[in-house]
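The following pair of complexes shares a single chain, chain A, combined with chain B in the former and chain C in the latter.
Coming up: the complex of A and B.
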């Protein structure tokens, strides 16, 4: 039980560092002077000290929504597969619960965008609804197929099963699910082929458009939610699709896990540097590829698996 | 490992169905052939078959490096249209590709019952045959049609490797020579295309 809480705290502390790491790596690749890895914490403490201004046009949703964006993600943190051997984990949570919690958080983010009644907020919300409606079926299918391969519908149990007896005969099906989930990781976290997190240009904003009217504590909470979301996705990717290293002693296992998280961050940074942002109406094509691969992994599991 | 490579083979083929750029298509074709060559090397290593090892190396040399390079040079020489939009819309392709896969998996079931080992791979190679047919169908321009033809050849090669423990090396070399000849013939075809425009 102690290990369980320790890993969750460790992941939460790691969340801002990972996003700053991606940013720093991108700056190095673009021959700029990189930002510090602690920039996420600096931004957080700066925003906490600032005054919080709320537009007089808004309703009470704006006061509640930032907390409701963060809380489903924090709940999801408790359902992730275990990082070290012998740690407690919640075994009954399946693909639908995880996807549902993440989309609940997205739903409140969209409400927050609509509530300020600015043109940008509504635009961002409609785009986010457009993307997340395409992400959800693919995500359910992918996690479902990986848990079928692992032989258990619960995600925690599936992660443990994959680490101990890896289904080598389902390798092709496993690969399809991994490709699909990596596309989802990029799409749902608003990284470059889908959304550029660094600009405030009208044509490209999705996530930034919704939180344009926020300031102070609320903005800090939303940014924290974004980094927690990245940690959730990357640790799901790591424990379901790169499953090894669970059998070592706790300290080594956690170090291996963190190294793998940074590996995912490096992959995302390289994709971001090497790709141009897609037009908004081309995004269904990318997510369509993801849905095809998710479906394909289920088909290959069922038809060829036995 | 062989499962992994076969998965990668199908994955590169499916991504090439969604590509809208000619050079991207060439890259995916080259990766597709690379996985095929590695597959031949692995299976040859398992069966201890010298001929298959040689075919694997020749596949990597010709199909991964040679043919994409020649096609790229040709396309630069004749100023091809580099933006190739599929005629079949992506929405329909998303429906069509899994349908083709399910169809071929069940289509190949009687064949797989006859063969004892590697019976999963036959279904995948037949389905990649159909997918490369789709790649030929969904484009109007000539260059992606040629890539579709070449990936169909790749699928047949995969079928040859996995179903029959390797064809005789003479046949393989005949096929490679045919392919290079086909590229030369296509060169003439490009001349015609150029003359029309």
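Coming up: the complex of A and C.
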């Protein structure tokens, strides 16, 4: 039980560092002076000290929605597959609950965008609604397929099963699912090529447009939600698609897990540096690839049999 | 004459849960109706006739109450005749509902052997002797699904539901559609029981199509009540997916999975009743205050109508199938029963079911987009019209109705095990095994899927943890005692106004553009340019209208053919006697020639020759000159 809470706290603490790491790595790759890994914490503490400016056009939604954006994601943190052997884990929560909780968070984020009566907020919400509507089927199919391979619909149990008996005979469907999930990881977290987290240009904003009118503590909460979401997705990717290292002693296992998380961050950074942002109406093509791979993964799994 | 088995009782419960809050709402709504007597009489006889349908025990009583239900709801649509579209909507509804009635009548005439007063149980023997059970199945499908509004018989819903007064739309959409689902349960189980595999697949395909098409047209809709009516099509589709999965599992011999899928379908019927009634009531309150159904004319109503806004938000979260609401739970059960399809041996069927999973997941994603649009444009932002500015909270009785309905939604969320135990009893009554102990093996906290290694969800724990965490954080925010300042929204240096907000059309823009091949929208873009510059204009107006594909293709072509035939009948019957004589002459030639061809001997040369003679004589004698 202690290990369970420790790993969750550890992952939460790691969340801002991972995003700063991606940013720093990108800056190194672009021959810039990189930011510190603790930049996420600095931003957070700075925002916590600032006063909150609430727009006069908004309603009570703006006051409550930021908490409702963060809390489903925090609840999801408790349902992730275990990081170390012998740790307590919630074995039974399945993919729909997790996608549902993430959608609940997105739902309130989109309402938040529409609440401030600014054109930016509506634009961001509209685009986010478009993208997340297409992400949903791909996500469900991918996790369906991987849980078929693991032999359990519960995500926690699936992670453990994959680590102990890896379905080597289903390598092809495993790889298809991994590709599909990596695209979803990029799309859901608003990274290039789907969304550019650093820009504030109205042509390209998605996530930033929705939160343009937030400040102070509310902004800090939303930023925290974004980093928690990245940790959720990357640890799901790591436990389901790079499943090894669970059998070592707790300290080593945690270190291996963190190393794998940084590995995912490096991959995302390289994708970001090497790709341009796609036009909004090209994004369905990318997500379509993800859906097709999810289908392929299921079909190869069924055709090859158990 | 009447029967009270578990299925009937559960559906009576559904009707009562749907109509008791509605009666409160309706009494608050009453002062705004001109023909009060007409409305009250039809309103209450509508509710009673629905109860009559679900408790009737023989075909005659069933058909009488069914017809009474159709006629009273038809009259209720005609309560407020303001414009021609209401009359047209009512006429359309009348035709569609009698189209369905016709097939039900055919079904009953066959399975009762002419004696309409025999009980449902006795029909089974007659039906099993009938040589074409699939014909009976299609009669049932056409009869009940035209009422339930499944694709392709859904076209009347977006017209009829908005035209009715709001309490009636809530009843029609929330409760009446479920009576059709009752009919499916009753007659597929009691009369046509051993189903071939194909029937289940037909229902599953109809369900998947309805759910996708319903939500896609809901997204492009600007009329808030038509939007909700389209969502009814979607939810009926979801119920039918559950039902179809149940039928497929049953015909493959997987009884436990089949019961699970049927329970999911029943549960979703209840959930849809609760949140759709609540949504229609909320929409009715908004409409009542702003006097417009156009979603673009709302905005900022959360400030003046808090009760409506909060109950509408609850229903929106529930219909978008977001945890931990009841809508999520039933959709979760349907998903789980589809994922259990890996137990099926038939590989081609196993490969096909992921497509239904895809349809349902896509529906979920689009429903979220649609309800963010409906809620955000209606209740958030600035007032988009003067009507919205003058809106205030509705009267007490209407609020009571909405709050009671919200209570029903919450009770379905909190007391899931109780409801599921009743649904389980329904299936036991219909001859399936009890699986309650498998759904809740360890007490009532965790809802288990019955598939091998299936998923688990714990609704109450999710709810408590979500609410607890949010309140904890809000409390933390209070403790931090953050300095707050109120200031205008940043509008790039310009003043933020209602006109710079995103519109509903704009919000759905990306999705509409992606599905352009389906929508084929009519776009009108008028721009007053200044001095010939493309980019400088003094005023511009953009409108987009989406007409349902089915209406365009299926219904209009049928009406065109009917028009064509009646035109020619008209022309033939209104001419001078010489032409009648010519027609008789031509008919005689036709009979003679056909006798020669079909009965006597056939040769291509004479066939062509006689054809030419026929055409010439018809052209010269009957058609005459073109005027």
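Criterion: the second predicted complex is superposed on the first by the 305 of 306 C-alpha atoms of A that agree within 3 Å, B and C clash if a C-alpha of one lies under 4 Å from a C-alpha of the other, contacts with A are read in each partner's own complex, and residues count from 1 in each chain.
Just so we're on the same page, contacts are C-beta pairs under 8 Å (C-beta built on N, C-alpha and C of every residue); 3 or more make two chains touch, one makes a residue touch a chain.
It should be emphasised that the depicted structure is a prediction, and the values quoted were computed from it without experimental measurement.
Once the two complexes are laid over each other on the shared chain, residue contacts for A:296 go to chain B alone; chain C is not touched. Shared-chain residue A:173: touches chain B; no touch with chain C.
In the superposition on chain A, no contact is made by A:247 with either chain B or chain C. In the superposition on chain A, contact is made by A:288 with chain B only, not with chain C.
Set side by side, chain B and chain C differ in how many residues of chain A they touch, and the one touching more is C. Once the two complexes are laid over each other on the shared chain, residue contacts for A:51 go to chain C alone; chain B is not touched. Of the residues of chain A, those at positions 284, 291, 295, 299, 303 touch chain B in one of the two structures and chain C in the other. On the side of chain A, the complex with chain B involves touching residues 168-176, 179, 284-285, 288-289, 291-293, 295-296, 299-300, 303-304. Contact residues of chain A toward chain C in the complex are 48, 51-61, 64, 67-68, 70-72, 74-75, 78, 92-97, 100-101, 103-104, 106-107, 110-111, 113-119, 121-123, 125-127, 129-130, 132-137, 139-141, 144, 148, 151-154, 157, 212-213, 216-217, 221, 280-281, 284, 291, 295, 298-299, 302-303.
Chain C makes touch with chain A in their complex at residues 300, 302-303, 317, 320-323, 328, 331-332, 335-336, 339, 342, 347, 350-351, 354, 357-358, 361-362, 364-366, 368-369, 371-373, 375-377, 379-382, 446, 449, 451, 453-457, 462, 465-466, 469-470, 473-474, 477, 480, 482-491, 496, 498, 500-502, 506-511, 513-514. On the chain B side of its complex with chain A, the touching residues are 1, 3-4, 6-8, 10-11, 14-15, 18, 90-91, 93-94, 97-98, 101-102, 105-106, 120, 123-124.
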